[in-house]
């Protein structure tokens, strides 16, 4: 199964139109990424605060299919994928009551945090990518068998 | 036991100083309030989106005792209290590993959402206040007995 | 000239990596959109709070070329474009000291705020699109002449 | 004259109740503080990103007198005050059309950013405090004369 993250929509996520402010959906996707790293045994404080290696986002996109309201129970499904030696991409599917409300992508590049030059993905991230890839593939195979 | 809310510190909560941005602690307290309302059976979408009765915050304060970092596991303990017929106040204690890192208060007034004039607290909020008051008192009695 | 919006990067925009949190760049783009609407004489309170017609974002994307730091002076250049009768898209170029640091797009669809069904763009938005289109084209023609 | 900061209320500042989310007012106060530091010649990037000396907020409070809407033109008036050798406090008055809508306070302590131990306020901050104190006093004297 791909990694999933459960998240209630908070009052703070909404705007005067009564629904989630568009950019906040990307923030919620990033939370799923953090949760997934932690589930793989990665220490978030070391990873995100003053690290030697960083993974800044170089591209993000998001499509909205339905409005999302305060109190809605989001399920964020996260599917990361390696893109060469220094990059990876994460696809997210956000659902409420099993209906997809948004899809997003974030693309990350691995850099040395001081020089900000590109570098190879470290082992812990390569492992995290490998584990999640296998989980996603397994889920897809199962789904394919079920629909046959 | 007073109501408690568990919340991981997210990358988005932090600032360039490497710790949680001060105002975000108040946002996390509000999340605890939302979670507590929901635990009392209150529908958050109805309560917060286009309601007939609203509970705007007229005062808030927060004291910080220790820095809070990305990945920290916050436990927010919430203690609401009625203040006359139209007001209530919530005290929050935020801990990491059983050490209090911050304390906060939000004071809310009940208004008619259209006219924005004060009105009596509705039954569902009065009940929520009563339940939480009893839970808090019980915890205090137990603590008093333990320290005797 | 295309509409431009000047905005200092705030401490709150940054994260523990010391640079602007990725999703906040999209929020800054939306501010440029708001500023541009206001410059066209549109009342933002009426437009965004409980309107009869709304323009929710159905797609957004952003590319990051350079890190952005607290105190950086952003110049956001905004180029909106009509996409059929019910949609428009805004392209944003964000620069610091005349170097482009990010590019983004938001795509908006016009809906009846109550029924949430698509509807024709109202006159004030059609005019705003037309004015901005002409300003953008003029700037492009001037740039083309200069490079000849 | 005390330092003033002009700020339009953005869509992102609001919540599903149609007004500014309470904690965001404190963020806007912090922007006024940043703007005031910059006006005194302080480099914000150096000051806030990986500094040797930091000024974390140890206390904040805010009182709300009126709801604030998207598009409202806020004027934030900032009055800092030294509190002993290692602390200072800033009082903020936030107005819309010359009516005060909120008042807030942030209290800051000066620390060594690495050891996180208290230390004396550096010269640039002492100067900033002194300049702002004189400006505030002058404004008060003028106001007193006018009301006589």
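Order of writing sets the chain letters: A, B, C and D. Residues in each chain are counted from 1.
Throughout what follows, a contact is a pair of C-beta atoms (placed from the backbone, for glycine too) under 8 Å apart; a residue touches a chain by one contact, two chains touch by 3 or more.
Here's who's who by UniProt: A, B, C, D = 1,4-dihydroxy-2-naphthoyl-CoA hydrolase.
The structure presented is a predicted model; accordingly, all values stated were derived computationally and were not measured.
Between chain C and chain D the CA-based rotation angle works out to 180°, given as a multiple of 5. Relative to chain B, the chain whose mean Cα position lies farthest away is C. Counting C-beta pairs in contact, the pair that comes out ahead of the other among A-B and B-C is A-B.
Separation between the centroids of chain A and chain B, computed from CA atoms only, is 29 Å.
Each chain gets a centre from the mean of its Cα atoms; for chain B and chain C, those two points are 36 Å apart.
Residue positions of chain A with contacts to 2 or more other chains are 11-12, 14-19, 21, 23, 27, 30, 48-50, 69-70.
Looking at the complex, you find that chain A touches chain C at residues 15-17, 19, 21-24, 26-27, 30, 48-51, 54, 56-64, 67, 106, 113, 116.
On the side of chain B, the complex with chain C involves touching residues 11-12, 14-19, 21, 23, 69-70.
Contact residues on chain C toward chain D in their complex (touch as defined above): 8, 10-12, 14, 18, 27, 30-31, 34-35, 38, 43-45, 47-50, 69-72.
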